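Lettered A, B, C and D in written order, each chain numbered from 1.
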Amino acid sequence: MRVFTIGVALAWVALLGFTTSSLEAQTWRPPADNQRCPSKWGAGDERGAGNHMKPATVLRAAQLIKTGETIELSHMLAADMPLQSTRQFNVHTKRTVMNQPSNRRGSNEELLTSEVGQIGTQFDGFAHQSIEYSHYNCFKTDEIATRTGFTKLGIEKVGTLMTRGVLIDVAALKGVDILGDSYEITVQDLQLALQRQNLSLQPGDAVIINTGWSRLWGKDNARYMKGNPGIGVAAAEWLAKQDPMLVGGDSPPVEVNPNPDPQVSLPVHQIMLVVNGIHLLENLKLDELTGKKIYEFALVLQPLKLRGFSGSTVAPTAIR
Amino acid sequence: MRVFTIGVALAWVALLGFTTSSLEAQTWRPPADNQRCPSKWGAGDERGAGNHMKPATVLRAAQLIKTGETIELSHMLAADMPLQSTRQFNVHTKRTVMNQPSNRRGSNEELLTSEVGQIGTQFDGFAHQSIEYSHYNCFKTDEIATRTGFTKLGIEKVGTLMTRGVLIDVAALKGVDILGDSYEITVQDLQLALQRQNLSLQPGDAVIINTGWSRLWGKDNARYMKGNPGIGVAAAEWLAKQDPMLVGGDSPPVEVNPNPDPQVSLPVHQIMLVVNGIHLLENLKLDELTGKKIYEFALVLQPLKLRGFSGSTVAPTAIR
Amino acid sequence: MRVFTIGVALAWVALLGFTTSSLEAQTWRPPADNQRCPSKWGAGDERGAGNHMKPATVLRAAQLIKTGETIELSHMLAADMPLQSTRQFNVHTKRTVMNQPSNRRGSNEELLTSEVGQIGTQFDGFAHQSIEYSHYNCFKTDEIATRTGFTKLGIEKVGTLMTRGVLIDVAALKGVDILGDSYEITVQDLQLALQRQNLSLQPGDAVIINTGWSRLWGKDNARYMKGNPGIGVAAAEWLAKQDPMLVGGDSPPVEVNPNPDPQVSLPVHQIMLVVNGIHLLENLKLDELTGKKIYEFALVLQPLKLRGFSGSTVAPTAIR
Amino acid sequence: MRVFTIGVALAWVALLGFTTSSLEAQTWRPPADNQRCPSKWGAGDERGAGNHMKPATVLRAAQLIKTGETIELSHMLAADMPLQSTRQFNVHTKRTVMNQPSNRRGSNEELLTSEVGQIGTQFDGFAHQSIEYSHYNCFKTDEIATRTGFTKLGIEKVGTLMTRGVLIDVAALKGVDILGDSYEITVQDLQLALQRQNLSLQPGDAVIINTGWSRLWGKDNARYMKGNPGIGVAAAEWLAKQDPMLVGGDSPPVEVNPNPDPQVSLPVHQIMLVVNGIHLLENLKLDELTGKKIYEFALVLQPLKLRGFSGSTVAPTAIR
């Protein structure tokens, strides 16, 4: 594969070579493989920031449970939910089977056809995104992709996550219900919001950012999917330095979409998933959490053990 | 629908009338609607024993977390897992889409066609089973079933469950790795096992019964699916009286299968789901829990919010 | 089942009893089972007008082939075609498998999830429709439907059809490209159009009716699906008396939709499929045929042998 | 893409360079792109031997219809048919919808999840196979494949085929019901069988080869799929020179499988589909045709207009 890789790299350089000098200042460029691999978690590692999941992390979270109150953070999974255009959610009730013996047991089930790793409130794994065809820790797409899933980086490697959750309510900081449709959250926004909430981040945290966007879910699905406020490159790089277990938000991509820089497509996905091995938790339902001003809590999240999948739909909960 | 219901009931009486007198002693008979409805949780209730899920229940469970150790209780979801003959698990990797802007972001996802409410380690809701065509709290199939799910009793009503988990290791009580293929666990077995473990059940517990059957998963799938040891009618009725939140086990139906009484088909499904509104948690992976002799723990379980589904595949965890 | 059938019938009578007297003049009512069964093709017959398919019928059609010109009568099957809201057409290319031996054979295929009996240009079988729950020749839904298809009346019983095709161009008769959106074609329209074309119908013909509606396919899918001109009850009953093998048209239901009588829902479907056992051929592409004024031809049609299906997508051809 | 192509070609030469000299005599090697492109039908052509489909061809076939007898050549499509391991056929009856108006119209349909281009009796298009990643007329996989089909060479380009069909009954020539499981049909076999039947091939014919294998369909599916007799490289090259419209047979790949030369994988697929642009028609049901000794007939075949598909399931018919 060496020949291929070098060939493409050369072609790529040739293609961009003469057009980039004037853009370099403002445009984020993905790092080359040798600038980011092996990852800080070691060559061959497939868990990235999931490595933060240790007994001490769980215990720290459990100690935040003071009342036993649970707040559900996921939306309903149904055919009428917002869906990216390439995805579907088709349910079919299988007709009742009536078993014959004397207890007349009727049995029902349903068939679902859906991209279950990438629908509803969902958790992104590292097979989901790549820079060119190179994933987290420089696993290559054509070496790990098969017709029926990925042989490396599958979401089944993750398991239950339980850690301290910190909600950063940027909408509240700005005094609005919903941030502007194309608002890029800055590093300062995050720092001021934390300050306002008297909280600071710790390594291994689940950082959840509120933009207010989840209020549109089920009310204006077209607007919900069309683009949204969120973090950009600078905020993402600052967050990655705080060393979280995951970064979540209440919009489809967590990050601002489209990116204010038209040269790049969802760069935060690459910064988090590919460069730093930090999971993303998308489409969170945050109205109850923000309404009750709950900023620190135990976050519990159980990605399904879908072998070789790029992600998992999830039903996370905040507990305090 | 009254005419229909009475008509079928009459036909049913006529059909069975003359053949049952000699069987009455040993055969379990499902109670009539008026003997079981409304349920103890009230007319129209859709949550059954899920009503045990309250802050005090969560707090009691959280206090069992002493070390932060987590033990995964679910099997891998994959095409080569044991599957009931009417079900499937078909995964298709959708070819990588390479987004054009300068950051060359590759994107992957996969399509799944599967009965996701009823595969792998999974949690049964009340739309799953009925007596004749009458469900928990006497909701009628033809009034709540549509082509795309159930309008009542859907699994999306459940939400995260966190409660005290108690493992009853019947295999260990008997000194075997795996109980005999057709062994029916008795009330005494449960009581002696609890006594051996110095534990007693409390209302709202998640009661998990170990038969050792999960050792066959992925090793001898044909035997795993063919039939299995488990609780029968007597043990189920005793357990229901203990008022648990759910009853789980390490086999496909939790209960002994086939039932020793050839007149009945999986009666414990009706006793738990239909008569008592107690959820079942099936196909648990219990080897690590039993290996470490962990009998009491916080059980956390997040059924997906699949609107109108009869159940949900889950990835539960024991935490201590 | 007798108790059930009588019970529902009584309920039905009770429900309608007091509201129908004033409507009787204008509203079509489906005949009772004993007025239509057994069908003229005999008790237990599953082929209906498909019984016209005999060597003499084929020979008669073959003799119409004078030049060997073929005209395709089907639309493209693709995700962007007009689809009824309950249906889908989801295609997934399965990644190329490269076989290892020295000839380096790459292999591709694709997965389709679709209601393939009822999409695109398609052919209706007799399991598709019923009066209450009674089908052609009084087969009952609950006696022939399973989770995976119908045990009687399945489309696999049909096989290749080759017969004389007669196009009745009602749009041309009226001097328009497309009939009005809610125009109900009358018996006189059919008779005048045939007269204008110097043709008469014969038993066993495939009668194809042009409204011009197929011009909207792919151009204005929303309007195409919303409703359309077509035959109503009177024209359908006259056509059924001509004893055709099938009746086809260039709209989704062939018949006028909605029916001018708001009391009835697609009655021609019941008149053809249920009462008379005459197949419907829907969503035909007729622009080339009408453009060339080809009114008489050999029609060839190969319904797929989909066991137990209610219909089949088809790619029929006119040959002259 | 030039860099990539050259790079891979070099790697390929390097890989095989030292191991092939001794095999060259007996192993078929796929021709290089410049030895086979453009095809004889012209650069950019997507129809290959489908170009034989002209009015004169149809007329020639129609003149073979003397009695109007039709013989169905396709097997039943159902979940219990022989299926290659990567394929499926999952049918789900959608619960009856009962429409409310006074005519009580019940409506049924079913959902199918299947590789409908490549199941049952089926017709291979040119997107199905490649040499390395180069298809018929040197279209390249990565330039024509998308997540939802192929932008070139799709099966929707074909349309109805009607031509003279010639059955070559090799099993009858050998005096057996079924040829040996690994028998490679020779050029001489084809020539002698034609001589025995007093027939010769003409350009544009549909050549159908009987091995007897279709007798196993539904009776011994495991053996049916495991491997089969059929034509090899020599017979395929001779057949291609006769310039047929298509080559069909009564086994999954038409060709002998596995090929007697272990160095190559289904080379006839490449010879026909990739090098010569000749369609393959697989899994034909030939028992009735051979039983009646019908060797010359009109073959009619209607591939579905599945946009961008690699093939189509079909229900072809012989008419005489």
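The rule is short, and it goes like this: a contact is a pair of C-beta atoms (placed from the backbone, for glycine too) under 8 Å apart; a residue touches a chain by one contact, two chains touch by 3 or more.
Not measured: the values here are computed from a predicted model.
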| item | value |
| --- | --- |
| Intersection of the contact lists for chain B and chain D | A, C |
| Interface sides of chain B and chain C: same vs different residues, half threshold | same |
| Chain centre separation (chain A, chain C; CA means) in Å | 48 |
| Intercentroid distance (Cα basis), chain D paired with chain A, Å | 45 |
| Distance from chain D to chain C - Cα centre to Cα centre, in angstrom | 30 |
| Residues of chain D engaged with two or more neighbouring chains | 86, 88, 90, 92-95, 97, 111, 113, 145-147 |
| Arrangement of touching chains [line / ring / star / complete / other] | complete |
| Residues of chain D touching chain A in the complex | 3-4, 6-8, 10-11, 86, 90, 92-95, 111, 113, 147 |
| Chain C partner contacts - residues on chain D that touch it in the complex | 12, 16, 20, 23, 27-30, 53-60, 62, 65, 67-70, 72, 74-79, 86-88, 91-94, 96-118, 120, 127-133, 141, 145-150, 156, 159-160, 162, 262-267, 269-270, 300-311, 313-317, 319 |
| Chain A - residues contacting chain C, complex | 88, 90, 94-95, 97, 113, 145-147 |
